[in-house]
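Here it is: the structure, laid out below.
Per-chain residue numbering starts at 1, and chain names A, B and C are given in the order in which the chains are listed.
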Amino acid sequence: MSDESVPVLNKETMGIQEGPPLNVSGDDIDSLRRDVQRLMDIEAIKQLKHSYFRCIDTANWEELETLFHDDIQVHFVGGFYEWKVQGKKDLMVQQRQAFHRESVGHHNGHHPEIHVLSETRANGIWYLSDTMWVLSHEFITTGTALYWDQYEKVDGRWLVRETRYRRIYEISRPNPEPPQFSAHYLKHHGTDLSQGG
Amino acid sequence: MSDESVPVLNKETMGIQEGPPLNVSGDDIDSLRRDVQRLMDIEAIKQLKHSYFRCIDTANWEELETLFHDDIQVHFVGGFYEWKVQGKKDLMVQQRQAFHRESVGHHNGHHPEIHVLSETRANGIWYLSDTMWVLSHEFITTGTALYWDQYEKVDGRWLVRETRYRRIYEISRPNPEPPQFSAHYLKHHGTDLSQGG
Amino acid sequence: MSDESVPVLNKETMGIQEGPPLNVSGDDIDSLRRDVQRLMDIEAIKQLKHSYFRCIDTANWEELETLFHDDIQVHFVGGFYEWKVQGKKDLMVQQRQAFHRESVGHHNGHHPEIHVLSETRANGIWYLSDTMWVLSHEFITTGTALYWDQYEKVDGRWLVRETRYRRIYEISRPNPEPPQFSAHYLKHHGTDLSQGG
């Protein structure tokens, strides 16, 4: 691991523009309406990302694809992988392959810092904590990462326009004797790769 | 595990009605007031559920019982247990028995998706991540689950009216050599079952 | 562990004053503006604490020191440590020493319960879940805790004025064979103690 391959992660290097501070912008009803909309936008973007984590870990493809912009850009850099995808269509193909019947996903997004830049553009930082078992490969990966996202509002709904992350730490190791799962949702509802995905 | 025993978990199967989108509803002061109240309701419901997790893991029975509707319905389906309770009185008895001095509870509710349906009704989805040690039984259970709740506002305060969950994954195993706890709050303040609870 | 050393943790013992309930305070535009500001304050305080966790685990000292009041008081009581600091200057020195190149920090703050008491004062409860590896000492600490904080708004920005926590549980143990980290951000960007910090 060279320093060059582990860039500094701060608002500047992540390209996070903060937008106006969280203070009411004026005394008139028009200002108030814009301020209330801004708070609603922050809440809507949180719900968007919350749905994302729920949908991947439950292989809910039908809802998942409603969360992405058609031209979404994805770039995740892990310790031993790099995942770069362009466009919703390719992203959905790859998500379906990742969350198959021999996998167990546990992805939680913490600490949202959402900044609304305009009526239709926003960005956000999240702190990922995740564990992923791939039982067919006797492998487990766990760790944390910082996400930095761009969101766009299209036809009144916020969508993920761009999403990136880099690891704070990651542990990846063989897991030849995985735990006995007393419940395993994806075993039943994950992608059946033996059927061609 | 048959497919029938592991039903699909999505908004439709969980009975989640979404309510109006998070956009301001009008230009007049009455609309704005309703919109602000809706945002306050969402925040109040988050605080309600956050208090719930804090209170169970610290055996704070006095505050816990202020969070439930008298006619609360609970239905949790784990991998090796099913927990069905009706009414606050029975629920409190069972909570007291679960969080005893030989237990360590770690319950976190992530990813709230709260929908306010009217001035007094709302629902929400949460993503649970939990670990529970029962030292007296040398047992540990850990995993994740999706909650789907109904909330009701009574006398100006939101209460949990109905709460259900099903597992995404669960690992339950004997834990004959539990870790040495250098801090263990419930050992001091959990229910003393030797005293009859 | 004696009962005296493990005080009860509830809103009263933590000194948490709740402020007005989350209901709109009136029909006029002045009341609405104050209500919107209160919601913005809650969101700003969440972002403040979220930044805190991001900054410590990525050794982002430049941003971290913008989050604290000059006269911040810190008091954390763990199972085998007690950490008491007064003032931003000393706190920054100690944070720099804790998050060095042989450490891996994983700190998540869950379940915010923020209460705004006035235009410039607020408090909050958080539920910490953390793991800290100190590789140079072959040691790991993990567990949960309740935070109770006081916030103050200075020149339009919320700052942490006082922060305390006590453990719900803690496991501290030697870790002579730490995991192989496939990513380790602090190794590159944590404090270099061999250079005198």
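The rule is short, and it goes like this: contacts are C-beta pairs under 8 Å (C-beta built on N, C-alpha and C of every residue); 3 or more make two chains touch, one makes a residue touch a chain.
Please read these numbers as outputs of a predicted model, since none were measured by experiment.
Colleague: When chain B meets its copy chain C, do both sides use mostly the same residue numbers (more than half shared) or mostly different ones?
Modeller: Chain B vs chain C: different; shared/all numbers falls short of half.
Colleague: State the superposition rotation angle between the two copies chain A and chain B, fitting on C-alpha atoms only and giving a multiple of 5 degrees from 0 to 180.
Modeller: 120
Colleague: Indicate the whole-number Å distance between the mean C-alpha point of chain B and the mean C-alpha point of chain C.
Modeller: Centre separation, chain B to chain C: 24 Å.
Colleague: Got the chain B residues that touch at least 2 other chains?
Modeller: Those would be 29, 32, 36, 39, 110.
Colleague: Could you list, by residue number, the parts of chain C that touch chain B in their complex?
Modeller: Going through chain C, the ones touching chain B are 1, 3, 6, 8-11, 21-24, 27-29, 32, 35-36, 39, 42, 78-80, 110-113, 125, 127, 129, 141, 143-144, 146, 166-173.
Colleague: Under the stated contact criterion, what part of chain A meets chain B in this complex?
Modeller: Residues 29, 32-33, 36-37, 39-41, 43-44, 46-47, 50-51, 53-54, 57-58, 60, 62-63, 104-106, 108-110, 156-157, 179-189 of chain A touch chain B in their complex.
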